[in-house]
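Working notes, structure below.
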Amino acid sequence: MRSMKSRDLLILLLFVGVLSLLPALGLSRYVLGQITLFILWAAVVSQWNLVFGVAGILSIGHMALFAVGGYATALMGLYFGMSLWWTLPVAALAGLLMSLVMAFATFRLRGAYVVVVTLAIAMTVYQLLVTDVACFRQTQSVCYSFSGGARGLSRFGDFGFRELLGYSSAPLGNFYLSLIMLALSILVAIMVVYSPYGQAFKAMRDNEVCAASRGIEIRKYQAIVFAVSGVFTGLSGGVYAGVIGTFGPQVLELPTLLFLLSMMVVGGRGTIWGPVVGTIVLALIDEGFRDLAAWRNTAYAAVLSIILLTLPEGLMGGFASLRKWALSPRKEG
Amino acid sequence: MELLTGILTSTIALGAIYAASSVSLALLWGSISMLNLAHGALIVIGAYGSVAVVTGLGLPWWTGLLGGMIAGAAGGLLLYVSQVRWIFGKANFDLRIIILTMAFSTIVVDLINNLIGAKILRQPFQVEGRFVLGALSIGHQTLLVVCCSALMVLLLQLVVHKTNLGRLIRAVSQDITAARLNGVPVQAVIFQVMVLAGIISGASGVLLTSSTTVYPGAGFDPLLKALIVCVLGGLGSIPGALAASFALAGLETTVQYTLGVKWGFPVSLLVVVLVLVYRPTGLFGRQELERN
Amino acid sequence: MEKKLTSPTVVSTRRRFLTTGAGTAFGAGLLASVNEAKAQQSGTIPIGQMASLTGPLAVDGIEHKNGLEMACEEINAAGGILGKMLEPTTLDSKNQTAEEVSAAARLLIDRYASHAIINGYNVGANQAEYDPIADAGIIYIHYNTSIGHHEAFQSDPERYTGIFMADPAEYYYGVGLPVMLASLRDQGLWKPDNNKIALVTGSLPYSTVISNAIRETAPQYGFEVSFEEIVPVPTTEWGAVLNKVRAEQPAVIANTHFFPADLAQFQIQFAENPTNSLVYMQYGPLLKAFSEIAGEAARGVMSSSVIGILPDEIGNAFRDAYWARFGETAEADPGASTYSEMYHYAISAALAGGTGEPGDYEQNRKIADNLRRFSFRAPFGTLRYAKEFNAALPYPTISPDASLAMPHLLYQIKDPAAAVPKKLIFPKPYNEVAFETPPWFT
Amino acid sequence: MTHSPQHLLEVRGLTKAYGAMKATNDLSFHVDRGEVLGIGGPNGAGKTTLFDLLSGVTPPTAGRILFEGADITGLGASAICHLGISRTFQLNAVFNSQTVADNLKTCAYFGSEKRLVPGLSYDRRSEIRAAEVLDLTGLTDYADVMAGALPVLQLKLLMIGCAIVSHPKLLLLDEPVGGLNPAEIETCAAVFRQLRDFHGTTIVVIEHVMSFMTAFADRIMILHHGAKLHEGAAGSLADNPEVVDVFLGVSGAADSRKGAQAEEVGNATS
């Protein structure tokens, strides 16, 4: 176990090292922007995976944690003019509180009930946001609601990269900030998975009744896994808001939820690297099909289906069986 | 009094629609533990089937329902052939099918967008007029939808409880391994269940869009509502889905009339979450004896 | 149009990445090389567009694409811009979220090296696309119909000098409604029982802004918003709202939720048990789909637009040409906007001595100055950008001179079964028919 | 009722009802320190339900459970584990996605005491205990194998290992040797004897394999329809005609007398 942990830490180091060299290739702003976006998605999916994959709590409303984090940052930036750096702890806290709500709502639920109830919570947050139209602040001629409603929030400040690095290099700042967020997210995942906490989570997933009878307080560890994931998912939401410059209820829409969920399942849930691999693969597919215009969604869905139909454990599971298959004849010979 | 009749008629109309659209979801969950996110796609396929038959072929309006059922059956068949038969009973079926059916509906919506067009169409399965009795005033269309939904649910109950197929479905839903060992042709049963679910979803698509409109994304909202209804009723329980349909419709309408329309959906969602916190298997869910 | 990746340097780059074995590096490298290939100059002028080709708003997105292509074909047939041919590219902005729209904008700039982006509307973009476009310095013309544009532009007029909104902000719809109602009342065409307006607001920013403006403006013209209900989007079951509205017996029901299908249901359910109220609905009734779905119930409903094709020589000619090109089921109004934006840009660029690629701030500034300097008579009126907002203004709500602004047109549905069910009733001199009391009045 | 702390476990009037059906019906018995109590009975007699009640997996409808003189009725499964009652399950109940060693460490770490705030790695004591149990069960060679990939015997041993690694005072074994052949049964029995003889662990065991029961248990209790049908010394079974009638059958009675290997009545879930 200790060697596995060192191996994963080493891979993380290499991975972050390689990614951090990417801007040196002279990527266009578009490519850098898209990579930044997907790095943030990977950070979110890694944390989601702790709950969904490692602890086996089938929460698909996880984006609610992301959303409250993003809104915390955007609202603090907007109403208090705070530097977005100072809003990040608040984003983490917001993610934590929302995660505890999720944990409480799902304590006694199993399987598909968890799926639908977590979805219902995300949809409730969504509905409350989009129907929030009461006048809260007035600018010149327009009236804005507290949360920005369906429009979402924008012009709430940024991380200051534009002043620091100039217009043309600001995306670099965003890129590296996102990369740090991803590294942090994966690091947390590694530390958790290989600690007694991670073992308790896996035990709960594998056999909940047995885990309880071995002294693992199920609800406590459900709450803990939600809390850990909530802190870092909320934080990612805050970073995302600052990097993208706008934040709205769209992150809670079903297509977004399922897009991120498919990253995890395609990569291989419950593994450290599955979410990352899934994000990379689906990002490439999505971008690769951009030229198909009206048929892009179809092509994406078709490829997604083929991967899921052929690889029950996702790509990481596929790699594992491939390696087993490749190694086994040599042993015999 | 006017408020009360308003709430009552709205509840009946809304409840019937919820019931029609959620029973097929309940059927699939109850029989083969499949959370079918392509339910919305089947609804849309049914809605367009009706348009094709009535507006396209120029047949009388009431054939729309048949058109919707046929199109829905084709949709269910396609879902079976392209996805379910390959992974049913394999590892992670429950999870993979969620994303696969989501992919299926993406493709369906895209195909409609690109081949038929994103234009909004009128559902031709319509009747004019109102039924008035004192203070009570109900549109014929509402009555039609309520009657068709009731008939559909009744027929489904007959199929499940009185036919040979129903017996096999119940055998499969109770214990798949045992059913297989006892010579039940499991794949054939699943195939028929999928087609049956397709027919019901297709028909409910026609009923749903008769009070709204037909467009490629018309199935999304009903899918969400049906999921909530099924969970509240207890997943897989058809009577539960029925009861939950009317309970939810009543709650939603009452909130809309009293608190305001915008609170209708969020409040009912919250209530569902709270109900499940105290009754983890829904109103009519099977309380399973956990054994290790 | 699309170049294959056959140059040996590109291939060797790909190999090198493959041998490192890192998936990301490979993918990003591939994308980068694609960009290099695409961005090469080919003697044509790349024109970009972000439009919803899929998703619920694709109905209009497809017309936006058609309008742009039609204009480019005509301009190319006439010799292009100073001899260079136009090459339009439309990218799918899907559900029009900030990420989708700004990703498409970056792609148009980096990969297609678009000299200008000629858009329809993207409702959810929230001005997120302004910064990448302003960084590239190219011209961006859209009709997002958002007061947010005014605020964004005024926050830094220098930086956003090349970003134009080709129609008045949605806010003016709200301001304009009481003006138009007062005009009907003061001319004696309509005698309201009271001064109450019942306001139904869709939970979308577009609807909200309009509703707020109606509420604020109404008292100046002797009206009062006495009832307000916010509905989620989409809403199809209107029973609760209508029952409450009926209890008010208002002089006017204004519904700013703009989806045509939902509004048609609203009207059908209202017509079952109507009150003596004028029904005004935002946007939806302008589309044929509304009349098709609502049927006879649609007769007498009012709606307004600032991008409606005028029933005059220019407007009719355009509609005929558009239908000849795309068939009579096509909606000409959305197409007219991108069509006109393109013409206006082409003329301004030609007068400036040519178009400007991304990064050519000087040339693009000249074009932007020309866009502000020269107005263009479009099928929907005069396209002229007010200097302080870089946006079009409405007549008569703001500008008293029809030749300097886009008329805010009030329509009434006259014959739901006709090819064009709506008829213009306000303002002068564009009105074709007179206002009629709706058939449900007793 | 007299307070009797000399009993390690005392059960009074325990009842568990599922609707009208009573899985356990007004059951009273006790277990003394260092004793081995065997529990038998036909399928559906409520044996596993009894274990579920004792181990806190399900709360009882009525009755009380006293452990070391303290009332533990209604405590949760993890709390009961921390007090020193540990159980095994009939079906494969290990953590499939962890290695054998990790299974044992997890059980040792979380099972032996209540962890308010667990650390980021296992403590020394848990690792020692895991190593001890690996040794005791003979699973050392399998330490790095995923539990989900274990052969049947090793799986049973791991299940037992997980239950004992937290050093429980009372061990509840639910059909620990069902489905094993005689040689494998002997392997398991050796582990149990060592627990009883050298660690002084008190054991309650449910088993259908009567030869194993009669050889291992000090006392035997037979349940029928959730109630006690018989209780007595290990050899006394065949003397009770009721027991013979409902449970053992004639051949079973003969087997139990002989102490030879019995025909398995069935290890299906009750």
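Order as written gives the chain letters A, B, C and D; numbering starts at 1 within each chain.
Please note the rule applied: contacts are C-beta pairs under 8 Å (C-beta built on N, C-alpha and C of every residue); 3 or more make two chains touch, one makes a residue touch a chain.
Because the structure is a prediction, the values reported are computed rather than measured.
The chains that touch chain B as well as chain C are A.
Distance from the centre of chain D peaks at C, each centre being the average of the chain's Cα atoms. Ranked by how close its mean Cα position lies to the mean of all protein Cα atoms, the top chain is A.
Summed over C-beta pairs in contact, the chain pair with the top total is A-C.
Between chain C and chain D the centroid-to-centroid distance comes to 73 Å (mean Cα coordinates, whole Å). Mean C-alpha position of chain A lies 31 Å from that of chain B. Once the centre of each chain is set as its mean CA position, chain A and chain C turn out to be 34 Å apart.
Between the Cα centres of chain B and chain D there is a gap of 47 Å. Residues of chain B in contact with two or more other chains: 110, 113, 262, 265, 290, 292.
Multi-chain contact residues of chain C (touching two or more other chains) are listed as 54, 203, 230, 232. For chain D, residues that reach two or more other chains under the stated contact definition are 57, 89, 93. Interface of chain A with chain B (complex): residues 58, 60, 104-105, 107-113, 115-117, 119-121, 123-124, 127-128, 131, 207, 209-210, 254, 258, 261-262, 265, 269, 294-295, 297-298, 300-302, 304-305, 308-309, 312-313.
Residue ranges of chain A in contact with chain D, taken from their complex: 1, 191, 195-197, 199-200, 202-203, 205-207, 209-218, 270. Considering their complex, residues 29, 35, 37, 82-83, 86-87, 90-92, 94-96, 98-100, 102-104, 106-107, 109-111, 113-114, 220, 224, 227-228, 230-231, 235, 262-263, 265-266, 269-270, 272-273, 276-277, 280-282, 290, 292 of chain B touch chain A.
Chain C makes touch with chain A in their complex at residues 2, 20, 22-25, 27-32, 35, 53-54, 90-92, 95, 97-99, 102-103, 106-107, 109-111, 124, 126-128, 131-132, 135, 147-148, 150-152, 155, 171, 201, 203-205, 208-209, 211-213, 230, 232-233.
Considering their complex, residues 55-57, 76-78, 80-82, 86-87, 89, 93-99, 101-102, 105-107, 109-115, 118-122, 162, 166 of chain D touch chain A.
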